[in-house]
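One chain, chain A, appears in both complexes that follow, with chain B as partner in the first and chain C in the second.
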Partner chain A sequence: MNGQAWLLLLEGAWTTLWLCGIAISIGVVLGLGVALVRMAKIPFVDQILVLYISLARATPLVTFVLFLFLSAPMFGINMNRNTAAIVAMTLNTAAFNAEIWRAAFLSFSRDQREAALACGMTGGVFFRRIMLPQMITSSLPGLVNEMSFLIKGSPAIAVIGIVDLTRVTNRISAVTYEPLPPILCAALLYMLIISVLLKLQAMAEKKANRLAM
Partner chain B sequence: MTEWTILWEARETFINGLIGTLVLFVLSTLCAFVLGCLAVYRLEAGDRFSWVIRTLINLMRTLPFLILAYLLYYGLPQLGVRMDAWTAGFISLIIYHAAYFAEILRGSRLVMPAGLVEAALAHGFTPGRLFWRIILPQLVIKTRPLLGNQLIIALKDTAFLTIITVQELTAAANSAQSTYFIPTQAFVLVIILYWLISICLELALKWAGRFGAKRGFDYV
Partner chain C sequence: MSDSNAALAVSIKRMSKSFGDIEVLRDIDLEVKKGEVVSVLGSSGSGKSTMLRCINWLEVPDRGSIHIAGERIGVNEAAGRKMNNKELATLRAKTGMVFQGFNLWPHLTVIQNVMEAPIYVKGMAKDQARAIAEQLLEKVGMSERKDAYPFTLSGGQKQRVAIARALAMSPEVILFDEPTSALDPERVGEVLQVMKNLSSEGYTMIVVTHEMEFARAVSDQVVFLEKGLIIEKSAPDKFFSNPETERVRKFLELSN
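Right after this comes the complex of A and B.
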């Protein structure tokens, strides 16, 4: 393991991080959107969303990434590897996030809504000022947990040839003929990334508990 | 639709892949569960060795599954330990999920009331019989939703093994699509198969829930 190898490893870590980062930030918002639409209980749309969540939660990320990357050109959509990986990871994580947001919706107390409406707030203002801040606090531990799950699942994108933190170990060992050190170093980097997220999750839990929710 | 008839002609690939995934999943989760229970049993002792087990469990929880499979399949040959892809994948599935099972059971063990254990000790249970007869059955029944969740995660993790060239369902779809050039149909079929397996798991979980309720374990 020389400096060059470390540089490659860090580059792989960066690829993993930015792809996951984009997928997470879109996935959290999309999950909220899906949860909102599901709460509105629009017939037909609701069933489709239930089917989507059920399918996305049961499909392995590897299979889904391969499916998107290989079959998109058949429908005339040209996706490069990074786009396919981001779309797949986003759709995957959004399904899990939608369930977390929905649980926060369902456990929200009705009296607060009644009090806010009695004070003359409109539905939109109530959602933005009262409901959303509390929902964010109460579902943040679950969301951070899902983020660490996504990062643990992200080596799946190696299957379509993206050189992420896992795949880059193959590249390094192809030059050095010593596969063990790069894999161990990659494991170390993953541990670092996920430990930070676990720490964040503990902090979010503490905050949620302090607000007694 | 000619593509779908091709799919029917290639059914053997898919059936073999499905059997491959199911064998891998069932055997590895069974072994992982037993190993997880043994780890929790060893943790009861609370000596230095159980500290090592705790550290190992926490280590596994911060690693992606694939990196463990890489370590066993690509890394270990450097130390002279060589195994084929299936064995490496199988062993990594067992180790990884045993750690998660152990963590789930340990979490439930921590909040278990002490009175029951003390009563059993007063009746002269040896530590081994105390664990297998009194503690473990309760832990398993109480944590069954989490254990079931972990089973579904384990099922999805078997798909990772396609990257280290294990023959399973995703690998079957990949080989069928490259032979006949039917990516959409092949993967739709495989995704539906994964979906069906996880629906069966969820149904089994519900059935187990009824069993738990009958034994008076549901107070949620």
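Right after this comes the complex of A and C.
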């Protein structure tokens, strides 16, 4: 592993990081949106969302990325590699996140809602000020789990030619003929990224202790 | 809105409510003047809590009308339709409620719990809301714990914070739903003392309770519910020393 190899590795790490970062950010919010709409139990819309969640959760990410990238042109959509990867990862993670958010909705105490209504809050104010902050705290462990799964599953996007943190190790070993060092270095970088997430989770858990009444 | 209505904090006329086949409230009539304390007694399942929860529309009565400070809740009479959520919230803001289980918001500190509604319902400036909250916490004896989170408080302390939270909206009436039933006996007194102070300050209160001593000492009216009917409604002296019905006599004997 010389300086050149490390540079390539860091480039791969950056690719993984920004693609996953965008997918996670949109996926967390989209998941909340899906959970919200599902709580409203709108006929037909609800069935479609259930179908989406089941399909997205059952499809391997690698299949999904490939399908999206290859089929988009057939529908007249011009998608470059990065966009296809982001869309696929977002739709995948949002489905898992939706279930995490929904669990938080379902377990939320009715008593707190009544206290909010009784002092004149509308449903919207109650959601923003009382429910959402607590849902974020209680869902964060599950959400962070899902984030780390996504990052570790992200090498799937190499299938459409993106040079991510795993793919780049092939390129390095193709020159050095030593496959093990770059793989181990990449593992180190993955751990580094995940450890930042775990730190976030620990902070949330500390805060969550307050919610235990 | 007539003038006679305006002097009433709450006026309930012929209110009925069923859960499925079970009629929990039947033709409830009740008038509560401003500054009055009304105690609602009765055995469990008599409909006391449901009656209270209908007043601020947490339960929707099937028939009858409820006016809060002269304004009908649930129905927009001018427009001839049901109230929308926004109208309902505006009228609910004129009532305060104290629950058996305290129902504090656990992610907020004591003072934030009290400031929340004034800021986000009334649109009050934070400094002003904080000043009011500090005053109210002083009133209920919780100033020293104002930055604590609810999970660190005892039941009695939580309930006193909940009372301050209800007061923060300067409501026309405060509804107490068995405020001391979830407390251990040693903590009951501190909450009742706060409520006594409020009554002497002229707050209008409707209190569903099992605390006979409190009802006797503080109430202007005592109401007794049995199977969804008000079977007795009188001044506390008369209610406790010379009740009209055999049922109330029995109830009082058993609770002594």
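One rule holds for everything that comes next: the second predicted complex is superposed on the first by the 211 of 213 C-alpha atoms of A that agree within 3 Å, B and C clash if a C-alpha of one lies under 4 Å from a C-alpha of the other, contacts with A are read in each partner's own complex, and residues count from 1 in each chain.
We adopt the following convention: a contact is a pair of C-beta atoms (placed from the backbone, for glycine too) under 8 Å apart; a residue touches a chain by one contact, two chains touch by 3 or more.
Bear in mind that the values here come from a model prediction, so they are computed numbers and not experimental data.
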| item | value |
| --- | --- |
| Touching partner for A:L198 - first (chain B), second (chain C), both, neither | first |
| Partner chain(s) touched by A:L61 [first = chain B, second = chain C, both, neither] | first |
| Touching partner for A:I26 - first (chain B), second (chain C), both, neither | neither |
| More chain A residues in contact - chain B or chain C | B |
| A:R210 touches, of chain B and chain C: first, second, both or neither? | second |
| First (chain B), second (chain C), both or neither touched by A:E114 | second |
| Touching partner for A:Q134 - first (chain B), second (chain C), both, neither | second |
| Chain A positions touched by chain B in one structure and by chain C in the second | none |
| Footprint of chain B on chain A - complex, ascending | 54-55, 57-64, 66-67, 70-71, 74-75, 151-156, 158-159, 166, 169-170, 173, 178-180, 183-184, 186-187, 190-191, 194-195, 198 |
| In the complex, chain C residues that touch chain A | 56, 58, 85-86, 89-90, 92-97, 99, 101, 103-107, 116-117, 120-122, 149-151, 162, 165-166, 168-169, 175 |
| Chain B - residues contacting chain A, complex | 59, 61-67, 70-71, 74-79, 152, 155-160, 162-163, 169-170, 173-174, 177, 183-184, 187-188, 190-191, 194-195, 197-199 |
| Residues of chain A touching chain C in the complex | 111-112, 114-123, 125, 129-130, 133-134, 137, 209-213 |
